[in-house]
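Note that the chains take the letters A, B, C, D, E and F in the order they are written out, and that residue 1 is the start of every chain.
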Amino acid sequence: MLRLTPPNFARLEQATSFDVVFGGGEANVAISLAHFGVPSAHVTRFPDNAIGRRATRYLREHGLDASVVLHGGQRIGVYFLEMGAALRASQIVYDRYNSAFSEIKPGMVDWESVLHGASWFHWAGITPALSQGAADVCLEAVRMAKKLGLTVSADIFYRSNLWQYGKTPQEILPELTRYTDLVVASPDAIQLIFGIENDSFPQACERLKKQFPTIRYVVDTHRTSVSASHNDLKGILWNGEAVLESDTFTIDPIIDRIGGGDAFIAGLIYGLMTFEDEQKTLNFATAASALKHTIPGDANLVSIAEVEAVMSGDVGGRLRR
Amino acid sequence: MLRLTPPNFARLEQATSFDVVFGGGEANVAISLAHFGVPSAHVTRFPDNAIGRRATRYLREHGLDASVVLHGGQRIGVYFLEMGAALRASQIVYDRYNSAFSEIKPGMVDWESVLHGASWFHWAGITPALSQGAADVCLEAVRMAKKLGLTVSADIFYRSNLWQYGKTPQEILPELTRYTDLVVASPDAIQLIFGIENDSFPQACERLKKQFPTIRYVVDTHRTSVSASHNDLKGILWNGEAVLESDTFTIDPIIDRIGGGDAFIAGLIYGLMTFEDEQKTLNFATAASALKHTIPGDANLVSIAEVEAVMSGDVGGRLRR
Amino acid sequence: MLRLTPPNFARLEQATSFDVVFGGGEANVAISLAHFGVPSAHVTRFPDNAIGRRATRYLREHGLDASVVLHGGQRIGVYFLEMGAALRASQIVYDRYNSAFSEIKPGMVDWESVLHGASWFHWAGITPALSQGAADVCLEAVRMAKKLGLTVSADIFYRSNLWQYGKTPQEILPELTRYTDLVVASPDAIQLIFGIENDSFPQACERLKKQFPTIRYVVDTHRTSVSASHNDLKGILWNGEAVLESDTFTIDPIIDRIGGGDAFIAGLIYGLMTFEDEQKTLNFATAASALKHTIPGDANLVSIAEVEAVMSGDVGGRLRR
Amino acid sequence: MLRLTPPNFARLEQATSFDVVFGGGEANVAISLAHFGVPSAHVTRFPDNAIGRRATRYLREHGLDASVVLHGGQRIGVYFLEMGAALRASQIVYDRYNSAFSEIKPGMVDWESVLHGASWFHWAGITPALSQGAADVCLEAVRMAKKLGLTVSADIFYRSNLWQYGKTPQEILPELTRYTDLVVASPDAIQLIFGIENDSFPQACERLKKQFPTIRYVVDTHRTSVSASHNDLKGILWNGEAVLESDTFTIDPIIDRIGGGDAFIAGLIYGLMTFEDEQKTLNFATAASALKHTIPGDANLVSIAEVEAVMSGDVGGRLRR
Amino acid sequence: MLRLTPPNFARLEQATSFDVVFGGGEANVAISLAHFGVPSAHVTRFPDNAIGRRATRYLREHGLDASVVLHGGQRIGVYFLEMGAALRASQIVYDRYNSAFSEIKPGMVDWESVLHGASWFHWAGITPALSQGAADVCLEAVRMAKKLGLTVSADIFYRSNLWQYGKTPQEILPELTRYTDLVVASPDAIQLIFGIENDSFPQACERLKKQFPTIRYVVDTHRTSVSASHNDLKGILWNGEAVLESDTFTIDPIIDRIGGGDAFIAGLIYGLMTFEDEQKTLNFATAASALKHTIPGDANLVSIAEVEAVMSGDVGGRLRR
Amino acid sequence: MLRLTPPNFARLEQATSFDVVFGGGEANVAISLAHFGVPSAHVTRFPDNAIGRRATRYLREHGLDASVVLHGGQRIGVYFLEMGAALRASQIVYDRYNSAFSEIKPGMVDWESVLHGASWFHWAGITPALSQGAADVCLEAVRMAKKLGLTVSADIFYRSNLWQYGKTPQEILPELTRYTDLVVASPDAIQLIFGIENDSFPQACERLKKQFPTIRYVVDTHRTSVSASHNDLKGILWNGEAVLESDTFTIDPIIDRIGGGDAFIAGLIYGLMTFEDEQKTLNFATAASALKHTIPGDANLVSIAEVEAVMSGDVGGRLRR
């Protein structure tokens, strides 16, 4: 999606210019992984015009393989972001219907070829919410991913107002979850989407795994919102046996409120691919997520070394020469 | 429509920020008239969100009565403008389908109340091209305008690729033209839309009037495009008897390529409302149109005195203190 | 007044560009009310030149009725604002003498017509400080306001260095206060302006009311300035019987230091016009004032719903989608 | 004066920011001379506040000796500049009354000390137009300059609307001219100010010299204004015997319309101080003036070598590496 | 090289900010080819720091394969560009010594692997001017290119002041030219570098080919510099038999003076790879070069269709919707 | 050095523009002193090109005497600054080798003339780290300074990676320290550079003085880095007898992380030159340092009155009108 933000904390109502970046859950995850040195690609669909070329350029400049982008359709989704501060919240106005990507159809992507040689596939719950075509293509993807032996992760969240093409998350998400190894979800989302009543995060996780035995990890973040400019962040991870908690990281001030969740997921994927240690992985992911909020734009442009420093307690921001 | 332009002649592909203005044929005409001191209103429909409020603010700051704006729908149309220079043309990428305005329906506007006390109504051919609803509402408007004794003008141009809701301009525009006093149209447009074959502008005009006897004026502009930065402009007007030609005005450099036609129409409306002299009116309109191209944005923010100075040959741009 | 601010916390001494907004106590109050949906007008006087047109445009874009603006005079007042941060204070350099408004004279405004249909009139103590003419016009206004049954509020503060035309606040403000229902004033101001010695806010209020029986409310704000970037804000209101205190709101960081008092007054006016509940009114006004400091410019561009959310404790700035 | 210009050819009415430079006839001349390597100082008066410090900084950064600046008064004069293009003229809105400089009084400047060691003094006709004090101080200066043997130049132009303190240019300028060696003036100005009727530039010059025998040179420029973006420039100089004409230089596009006359004068002063050759001096001055219009701001930031290249016909602007 | 340009035609001396792009002959050629759809890579060496990452990002966003970039060294070359206008020339200040690329050494690039599958190799005369290492690596490259059957082109120009490591162009360039098929060079350069006296372009070409029989094409451009803002451009090509001339293209105004030569070369390479017709190739290349000057930055971000339109005479810049 | 900073907290990797200021330890100290009203000069060497002129302009605009700047060499040192926030540190990428200043040689500066009439000389440990020439010139300077009776201060810090010309700080700094009265150094630096083992700051100071009897003061700052946006600052000063500590000042948020140490030194120099009271001097210096971090750029543009207010506890940043 094209993200348009008035500079200097202006309200959308005041905008005389917009800063231009692009974003979207899966793209953000992929870009962060690319910055960790993991070769990454982003499958999407852009209109075959100058705005589509601008978007492609964004993917390429952030190190993604853009050769798998499809071209067609009329428009790219847009979101307008108002940067909040102190007790004024950041706000998003979406304009994303009828995007080129939402008009994707099964068969358009040659998933076997796209996923060839890959080890991980990630999808976000927003994708199957867009259209039947997007849901179908997502299902194509996870089936092929599993067939080819990839690990599959999903960021499952529930925003009922997104689902406007006649299906509910309850009808679509369970089938997709059947092919998924790592799920990002809160206990509330688990209850709402899968109908799994629960009193606690571990209980929700256990019951979820009973229903979807492929799941190995369920993760979530706890965000304490002191103000729009000051959040505290903690990650939690259920590994089938226990719930691990990360350190809590303070972000004050927040430079960009968007993309923390995607940075967290990228950190998890990198950690699980790299470290033996699940606790280290969780700390790495949470530190990465905290760092994201100090960077303008949707994507987390940090190195492994930078995340590891924060993870190790180097949060004082001492000048580096 | 929200207009997004990368500054400093950057290509859309290079955009890292967009300048924000708004535009649209009828709004541009109304704003120019407001700057001539003519109380003007713009009937449109904006989504009930921060972007809609931004657009309303635009209308108000340019002196329009925004109390007649409807609120509803999902989005506002967008167009991306790349500023050309020298031998690189300015280019527009439209993203305007499913706009709040295109979803307007008959009955939403209380035309009797809106037009009460007004003396002129203007519509552009783009409006009935958007949707059946927009075409129907346009017809409501011109019928009520005629009933209430307003003069009606129309900017009829032919872009077949705009008409995507199943109707053709040939099916819709003639009925609207039946209520119209002043038509902006080229001989080609007259042939394509109304099927009126013609060898010359006066012939086209005469034959058009035979078919649509309400028409009193047909006007057009001749634009010589030396380069994207240098155009020469001449207006022509058929008054039922003869073709008048304006002086030719040189615009070099062009600061903003958009809105020249709308500025021309506003100049015509002002002139016909004010001057006795049709030749003076045509010169005024053409000078206004030329001045428009020196002003950033869609709208012509000039005073009567400024147009009259240019019209009188003061085109040397001598510093005013 | 034209407000000129160097961007990005630069000192005035460093300025290579200025951001342009406009401001002034009464205008700020009116704009905030317009954003609460209350039809509002601002009576002022601008020079009849491009800067005056720019200022008029500002009023209109913020939703005010600008038809009551007078045109004449040489200049508009200017103030230069340096944005402070941390332990460096924000600073204002005024350049406001000989403004078109300060040259206003009795009889220039047809107050009967301007106030026709209105229910509230607000004036600020800065106005009668500018010139004898401004003081006289202010008196014209409050007399007509009272005659027509409007509620009158006043922001009475004491800056002795403003009064440079030969009169003192002690000579002018009491007569104006005789027509006023709601006074914004600190105990110190009450002592200095009206010579009312007092030991406490309620005592000052009671004694003030004895002298000016029309007064129904006296209000003030307590601002704890932790730093130029972090203030805590509490409102207090004396209703003739008791002193109510609002919740305390933390603003950290402050995006714009200006206009908090005007936003507070607009909140009071809206609350007293709308709510039955004085405590709710006070909380609303204080929350509105706190929100103001998160918005660039002089004026408080927030909706009722946004203020009510903060008032209800939703101060964590959670992202809104 | 503080000069405020909306960027990118926006009208003043559209301004959301202003670019900040400073300007004024004598300052512009001095800065250009400083860039030619001539030690130069600018005598003026700034308020003792942050805006005065900003102005002082401007003088210093452009290489002037700012130690002779007086501090006091309330404000600095301001002018708003709208950049024109093509057939829209550049426009200035002045806001310069009651400036710190206009309140200067005889005795404030120790001219003997200031002019000690200098060889040239320049004044502009705008200065004695501001106030009786400014006229008196100007007279102090030229008398001391003559006493100390300096050459004196003056840019005498006639804008009657500037003279608002009760005196006319006809009352004030002749006495100042009595101490002047080089006068920049058009035949019209010579007639209007000195009452010297004339049919031609040489006739005007001869008659002027009869009245003011100190005058050695009278100079003027001929500017052909093809458009606000394209001017052609020629200098003319009367040396007591003949009228010399410079080459004509084409400026297309004009980057900044202001300061061409001051750059011309600086070129004359430098040339007369340096070259034996009056024709060369005139060409140098005119080439300098043309170059000025390619540079943003009031002042001509070019080197001697750059002027000499243009003067020698190198006007094609070939890339320099 | 990192290119730093003050915006809005400011002089370098005035700069308060720099626009950031990157450039360099071979990179510019490769990027233009990538925009024509030709897969392209750029072999260079960047420091392993954030500025090196910024440069890599530039290559990637413009569609180049950046996997062949070497990492090491201390710095990237910098050039400061002042944008000229009218009779003020654009100017470059170089700061490029000791760049990471200039410290490249033979053996660092695995040319066999890099050139595998490629059909064309291009080098610029600036490269062997930097250091012995760069000259050696260039020689490695052209030898391997010839061995693998690639076509080799070279932009040979003579700036003697570049050669500061102890060798002269006369010592180095001839050996490199022995492996080259297409040479961009003026008759003067041919005389200076190769000692080939000549009276005309065809004579120079013929004599050059006698000495370097691999050469199939010699090309040059004729640039008429009316001003820094207005150039006319014509390409010429010697194909071993005759000299072809392209149409002349007018660029007015020039948006960016840099990169025209590289765009010309990219057009030649594309044309020779694609068209049968040498005249068409030359027109294509010259039109591409003219278009380049309308685009901010070093690189020519145009499509084949855009070049073909200009080549076919569509130079009037008519608005495209 | 030329300092290049991407605006709005962007990472260097994201930069599309750089803000331009200049900096360097000694220049920063001199500029701060100039803002305290102390006539100051900065001895350095700039290339004789437009970038050198830009740098000279920077010195002049900040009130320094630039007549002592030498001209020559190829380039000016550059540093790229990434502004950090919250838990992301600010980062510097240096590009300063082969600068014009580093190529300075003994005899180039006429120190007797430069130091004539001065009372204080300050040098920073970075200077002798650059080259043998710079070290030699620094030694020339301190010897002449002592000979002429100036007080000498030094900011001695240890960054071993700076010393790349074959000498170590241990070889060079002791000789320079022999002529120094005030040393800014941490206990660690004292141990590393002078081989003086120590357990505490006073012990380090006493032992240092034994070795260098000219030393009268050793000072240091304690910086608590809560985050990149929030630091607490305390100064300590050993006066030969005791260690004094300043108050602790909180800076939240930090607007510019650079230059705090230089501002501290300027405050010390001013205090020791002005106040009798060493404690007051230390508080003044630390308050000045804290204020520096609220100002964009390297230099501390504050007045004595502003520092004294903060020093006296006025840290709440109350709006000044």
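Note that in this section contacts are C-beta pairs under 8 Å (C-beta built on N, C-alpha and C of every residue); 3 or more make two chains touch, one makes a residue touch a chain.
All of these numbers come straight from a predicted model, not from anything done at the bench.
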item	value
Joint neighbours of chain D and chain A, given as chain labels	B, C, E, F
Maximum centroid distance from chain F, chain identifier (CA atoms)	B
Distance from the mean Cα position of chain E to that of chain D, given in whole angstrom	45
Approximate Å spacing (C-alpha centroids) for the pair chain D, chain F	41
Per-residue multi-chain contacts in chain A, two or more chains	7, 11, 13-14, 16, 57, 91, 253
Overall pattern in which the protein chains touch one another (line/ring/star/complete/other)	other
Complete list of chain pairs which touch one another	A-B, A-C, A-E, A-F, B-C, B-D, B-E, C-D, C-F, D-E, D-F, E-F
For the chain B and chain A complex, residues of the former touching the latter	4, 7, 11-20, 49-51, 53-54, 57, 74-75, 78, 80, 82, 91, 93, 95, 97-98
Complex contact set, residues of chain C against chain B	57-58, 60-63
Residue ranges of chain B in contact with chain D within the complex	7, 249-255, 290-291, 293-297, 301-302, 306, 310, 315-321
Touch list for chain E against partner chain D, complex	8-11, 13-14, 84-92, 94, 159, 225-230, 253, 257-258
